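Here the chain labels run A, B, C and D in written order, and each chain numbers its own residues starting at 1.
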Amino acid sequence: MSKIKITVWNEYRHERHNEEVKAIYPDGIHMAIANYLNTQEDMEATTAVLDEPEHGLTEEVLEQTDVLLWWGHLAHNEVSDEVVERVRQKVLDGMGLIVLHSGHNSKIFEALMGTNTGALKWRDDGEKERIWVIEPGHPIAKGLGEYIEIPKEEMYGERFEIPAPDELIFISWFEGGEVFRSGCCYKRGQGNIFYFRPGHETFPVYHQPEVLQVISNSVRWAAKSERVKVTYGRVAPLEPVH
Amino acid sequence: MSKIKITVWNEYRHERHNEEVKAIYPDGIHMAIANYLNTQEDMEATTAVLDEPEHGLTEEVLEQTDVLLWWGHLAHNEVSDEVVERVRQKVLDGMGLIVLHSGHNSKIFEALMGTNTGALKWRDDGEKERIWVIEPGHPIAKGLGEYIEIPKEEMYGERFEIPAPDELIFISWFEGGEVFRSGCCYKRGQGNIFYFRPGHETFPVYHQPEVLQVISNSVRWAAKSERVKVTYGRVAPLEPVH
Amino acid sequence: MSKIKITVWNEYRHERHNEEVKAIYPDGIHMAIANYLNTQEDMEATTAVLDEPEHGLTEEVLEQTDVLLWWGHLAHNEVSDEVVERVRQKVLDGMGLIVLHSGHNSKIFEALMGTNTGALKWRDDGEKERIWVIEPGHPIAKGLGEYIEIPKEEMYGERFEIPAPDELIFISWFEGGEVFRSGCCYKRGQGNIFYFRPGHETFPVYHQPEVLQVISNSVRWAAKSERVKVTYGRVAPLEPVH
Amino acid sequence: MSKIKITVWNEYRHERHNEEVKAIYPDGIHMAIANYLNTQEDMEATTAVLDEPEHGLTEEVLEQTDVLLWWGHLAHNEVSDEVVERVRQKVLDGMGLIVLHSGHNSKIFEALMGTNTGALKWRDDGEKERIWVIEPGHPIAKGLGEYIEIPKEEMYGERFEIPAPDELIFISWFEGGEVFRSGCCYKRGQGNIFYFRPGHETFPVYHQPEVLQVISNSVRWAAKSERVKVTYGRVAPLEPVH
């Protein structure tokens, strides 16, 4: 069985400029996630970051990618519109996309959703988050308990301006009194998209086993597989037209 | 009761340059639809066209619009990105949007859906279309029979690259052998969006009573009403955070 | 304009046998809700209770009902299967149904949903509930703020075994650490169904204005209107079959 | 890798009493399907029929079943309510269910959907059906072309009284002028349910490779996997309640 080819994309700024973040992710969030994914027998992960040419997301790289993961925060606007459009077409063509945490405000997520996905409530006081499993039969929840508890996290609160998810897998409870749709599945074109909320850079969230479990589950769920070849445009009738 | 304020937008090119189309819609598709809507007691319709300044869709016009209807075909690319973004924000803020026929390929519909909404099969042989009501309890189907028959229409066939509709109201059968999701409801932000398939410019489709009935039904369904005021951004906790 | 005809159904046991509950709802939960609904210009509410013949839900009563509200708790099993089936057919035929609080475990809700709708977590410690508006553009949220706070309520927690709602309007946050899908819209047959979580009998929840606002909003949303007449069974072809 | 354990259930009446049907399926529809599934490396199929004790669907059989297929037509009412409820609970607990053709009117499908799933239009004139793929990226469509053509089939036409599918995969075009939602995915409890339209007993539909392909695809999609263990009932708070 061939492996799922994954590209983990990261803005990679906090980890280079902020000592607190660097202490948690010395090689960057992308490497923490890719290293974990490479422990999975059925996966093969590489990375790409903002400051590489074409942000590391050339046509060739994307052509070899079954699932793309996306983490960004400070520099969404530095991502070129051309690369965003290239990624969007690949997703519509069947590449999986996992959008993590502050990636909700990325150009690519907004372009695929059509709404102001940056619009939500937030607070970075480092409070407790409890992520409840709403769909225990879904493959993205595989291996979890009834909830995931993250001791300290940034809060994201509703109203989150997203299209109603095709499937809602997780809802978060926050110590400070808010709730959030934390695990959202979408199908767009032939691609599968999953938004997963946790992962503020100042907390070691991507070292927590249940969070990593969700990430690898979602990669398997989103993986590009053989699709039906569809044709568009003018066609001759299949039946006689009178 | 105050009336629903409607702006019917039309590209208005075919009707000026093509004698066949002019014969069917001497004042343009927009006027045919607006005149009909103005026969409804609860509606007040005006029009806007591509060749007006800002395509007739200034901030002031949109501010006074509860529901915008959109017909375009030849000149989607002449619509300015700035106006598209302005309309998109109004929809997300609660303005209703009815996208008609070839408007599927408009910038505004693609921007709100996130997919390549131009991708579908088509054929303009003037064949029979039978639009089946799938959700007979939906307000958009009010007053119809079990189906609408259009004697001669352009065919649109699946696969149509749209997000799965939040509600699917109509499915079309075509003489030449295809099917199509012809009535699709979406909620995006606080706005209601309805895509309605029929309306090729060379056939008198917008003179057919059942088609007009669907249009006025959908206007009522999509009308902007009083919404919950939502705030975004950094917030203080509602409960003590430890 | 004709008024919406409402029947508020209540088990009406707690209020007769428990002094604490009687003090809050001296005439029963059904009367508290019906009295409120009768203050609305466009509504006309009557009541029915378990211990009436046929539970007060005769064919004649249902025939005159646009929207039925349902509150039950102790005696779900005393509701006759025949009446449940009669109500189910009326809903499928277009009657609206609002299921309140512990009505989640009623025979009628389970019959219409197909799942074990009694399955959820609960705790009646009288804790704070904050009901967040997830869809601020939905008519059921009209007139609300960003959330409703209920000072003391019974907790219901996920996993709640329901089909994914057609529209999810509210999510609750509970002081004790749980979340819940508290406002769920369904379309079944030609009928609209809304499940609304709050309303434990030992707290004055149905005296709280925002809760009542949601109830009247949902009645308007669910109200039976003119539907498309559908025929079933063997039919002749509409086109020649070769 | 362990195989998917499948039970193919069939009413098995037509094939024993009708020579025309017997000629097509000498060992019954269930054997035709099970034999095909047993050619798949990852599957292991057995059968059960109405006239066996407990219709062949004992607790033990269901306990060993990952996916159950259901074909019935003449004798829906002979299926015992006890077995229907047993199957329903297994589906809610995670067993996959594939409902075929006239199984739309079975007790088990109606019980899980909550609507009158028997309600649809039909005609058995043996006309052409063209099943269009609406979601080409879905695993149930894997390996297909843009449509499946069945030369002679019974027609089923909309309005079909089902809940809106969680995912709509196929729409059928019929020669006689109707359309139908022919491939419908549902999640109920922890189980996956797929309704697939084709399969009238007087035509050799289950010998057609594309139809069989859809059946094996749907089995893989629906297969019971490791689920999250959920607890219900009274729970202690996870956070201090004041």
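Here, a contact is a pair of C-beta atoms (placed from the backbone, for glycine too) under 8 Å apart; a residue touches a chain by one contact, two chains touch by 3 or more.
Predicted model only: the values in this text are computed from it and were never measured.
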Farthest chain relative to subunit C (centres taken as mean CA coordinates): A
Same or different contact residues where subunit D meets its copy subunit C, judged by the half mark: same
Pair with more cross-chain C-beta pairs in contact, given A-B and B-C: A-B
Rounded Å distance between subunit B and subunit D, as computed from the means of their C-alpha atoms: 37
Centre distance in Å when subunit B and subunit C are each reduced to the mean of their C-alpha atoms: 33
Residue list for subunit C, restricted to those that touch at least two other chains: 130, 133, 135-136, 146, 157, 159, 164, 166-167, 175, 177-178, 187, 189, 230-231, 238-239
Sites on subunit C touched by subunit A in the complex: 130, 132-136, 146, 157-159, 164, 167-168, 171-174, 177-179, 181
Subunit A-facing residues of subunit D, complex: 94, 130, 133, 135-139, 141-146, 166-167, 175, 187, 189-192, 225-231, 238-239
Subunit C - residues contacting subunit D, complex: 88-89, 92, 111-116, 119-123, 125-128, 155, 157, 159, 161, 163-164, 166, 175-178, 186-189, 230-239, 241-242
